[in-house]
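Just so it is clear, A, B, C, D, E and F label the chains in written order, and each chain counts residues from 1 on its own.
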Amino acid sequence: MKAKVSRKAHFNAAHRLFKSDWSNEKNAEIFGKCSNPNFHGHNYELIVSVTGEIDEETGFVMDMKVLKSLIREKIEDSFDHKNLNLEIPEFKILNPTAENIAMVIWNKLRPHIEKSKELEVILYETPRNYVTYLG
Amino acid sequence: MKAKVSRKAHFNAAHRLFKSDWSNEKNAEIFGKCSNPNFHGHNYELIVSVTGEIDEETGFVMDMKVLKSLIREKIEDSFDHKNLNLEIPEFKILNPTAENIAMVIWNKLRPHIEKSKELEVILYETPRNYVTYLG
Amino acid sequence: MKAKVSRKAHFNAAHRLFKSDWSNEKNAEIFGKCSNPNFHGHNYELIVSVTGEIDEETGFVMDMKVLKSLIREKIEDSFDHKNLNLEIPEFKILNPTAENIAMVIWNKLRPHIEKSKELEVILYETPRNYVTYLG
Amino acid sequence: MKAKVSRKAHFNAAHRLFKSDWSNEKNAEIFGKCSNPNFHGHNYELIVSVTGEIDEETGFVMDMKVLKSLIREKIEDSFDHKNLNLEIPEFKILNPTAENIAMVIWNKLRPHIEKSKELEVILYETPRNYVTYLG
Amino acid sequence: MKAKVSRKAHFNAAHRLFKSDWSNEKNAEIFGKCSNPNFHGHNYELIVSVTGEIDEETGFVMDMKVLKSLIREKIEDSFDHKNLNLEIPEFKILNPTAENIAMVIWNKLRPHIEKSKELEVILYETPRNYVTYLG
Amino acid sequence: MKAKVSRKAHFNAAHRLFKSDWSNEKNAEIFGKCSNPNFHGHNYELIVSVTGEIDEETGFVMDMKVLKSLIREKIEDSFDHKNLNLEIPEFKILNPTAENIAMVIWNKLRPHIEKSKELEVILYETPRNYVTYLG
């Protein structure tokens, strides 16, 4: 009996789309106002889902309290109220597009989720734009 | 030409996480405040989806009016404003976690959906926690 | 320069509409399924608003971090995952309608908000029903 | 490294469910009030998703600015504030059910999305009814 | 002890902005695509609020079950799945702007709300446009 | 016949809470992580409301197309994808709290709204924090 459990979380951060091995001109041309050197920012809304067997003892795929704490500890505590480009090591090189942020979050959570279970990350950059990443 | 049609519904109910073959202490230890013997409750929001061929005559996968009535008759009428542990027979034994409630809802609806079609149940326990069950 | 600052919070609870000085029959007749003796429950969503002068030093009407902590400490910590009728002293006598819950929340918060400021409480019992209370 | 990027859009339109090769009586019998000859209407909310490899250069599956413009040009500009039955050629014959509208939108967008990428269309007819179409 | 109770409802309808004593050209010039002679439509979301004393007996400003039925009977049953211009007598003359629809709804509900209580109608024409009417 | 018309808009921006005449230490002490010198950011959601007489000719308090353009031209075009502290002249001195941003938006729009009409600005800094400003 498989099910997928999903938990919402959120963090606020500044970022700019910027590829460090491109000139400023090329960054501006490709990324437009998203590459503003002074940064802009978002309320990122995050949905983390774990798919696996429903444990017959507990009735849980995964204890939501544990999932909530894990997201807080591994993601919210380090991303919230930060500048992603300047303060999150992964984005010193990697361009912090929604796709890449979702991938980084997935990579940070994956080691803490049981191997037999699937992990999915949905990241809303705005209420109108979002990304789904499954590894 | 396949499509998935989805219909939202809702019911309000009390529940507690409680495994009848565990001691009260073990229930409290594992389920924390969700196991409060006096119960707590939720506005459960339900999304029922049916996937199948679009009928060439009607342009429907399934008539949404029929799906809406089915959810009302099989789920809302029996779950709404109830205590899940005390009043829904399935949860006298089964722990009413969101996972198990989604599974019970799926089982109640499945016989009424054409065999050739897939059924999916999404159950929001809160706006921040939800479960997806596909059988 | 006056403004109103608003902060959302939430708690899950069980309740029943029940007037202790009425017979069970009268409770059932007037409150219908909301008076189910086994309780039902809700995800209560709460919006607390404070209106006052914008402080010229800080640019705040009230520090949102302080307001958030106040709601957590005075309301969420005591109401969340509780049975309102059985565990919140105010509702041993008072019928826990959305109107009365909003009033009780307002009364609990009022002493902790500066006297010169107005306090408003909005309480969503469901996404479709809510109450506004201004004292 | 695959991901799915999703973009929300919207248009308002009138329609009626109507099968041109059925009598008015049969249309009324099968489609009920949705077949009102004077039309009714909806705020259609649209989510278009594209799944593919994350480009290592840009960090994009697809540039959201391009996807946004494509939806505007191919869908919103022709569907918004229109009568689907009378003004969108596809629905002169095809019954404009949510399923069929989603399919028509998918067909209009598909030629403009890279072949190696998957396209998904979700169409909300109301906040409570929606359809998912994947081709 | 005063409070405001609010109840959400909804109906889907077609309309066009059209002033019957203006030429078609003037209608098109002033109302643009909202005046499309073939109509367009909306999912109207309605919030009806009643402000008054909290009854000490019941703990209600107004029984929400009664308010819900009243909205269904007086508004939803006559407006839902209709063409406002052609099928609602008030809009044969009156231009069905969101402002005027809110006013008509208010006028239809007012006689059924106790005189001592205030009535407020909020009408969402789209999730981005809405009107508040207080009489 | 008075009504209030409301229009939603949005912009994404970076900011930090920072009072230029305070030391960095005092800024950090009072504003906590909101004062991060590297900035953070938000998806600001904006609701602009205008209250006045419903024009008997048009049925409008104010043409929503005009209000939408006004918000785009005066607010979205200058605030979107910007760093509020560095790029919006008003916030070189004024601390960009939600309260102050709402006030600045109100001041920018007020001259363009008819004098006889009231203007209200609601600014969501996050889905959980917002400010209402009426002048």
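What we mean here is this: a residue touches a chain if its C-beta (ideal position, glycine included) is under 8 Å from a C-beta of that chain, and two chains touch if they have at least 3 such contacts.
Being a predicted model, the structure only gives us computed values, none of them experimental.
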Steps needed, at fewest, to go from chain B to chain D via touching chains: 1
Intersection of contact partners for chain A and chain E: D, F
Of D-E and C-F, pair with higher C-beta contact tally: D-E
Pair in A-F, D-E or A-D that repeats B-D, with over half of contact pairs matching by residue number: A-D
CA centroid of chain A to CA centroid of chain B, Å: 28
Whole-Å separation of chain centres (CA-atom averages), chain D against chain F: 33
Residues of chain C whose C-beta touches two or more other chains: 127
Interchain contacts, given as pairs of chains that touch: A-B, A-D, A-F, B-C, B-D, C-E, C-F, D-E, E-F
Parts of chain B lying in touch with chain A, wherever the complex brings them together: 17, 19, 30, 32, 94-100, 102-103, 127-134
Touching residues (chain side chain E, partner chain D) in the complex: 10, 12-15, 33-34, 36, 38-43, 45, 80-83, 86-87, 126-127
Of all residues in chain A, those that touch chain B in their complex: 1-9, 49, 54, 57-61, 64-65
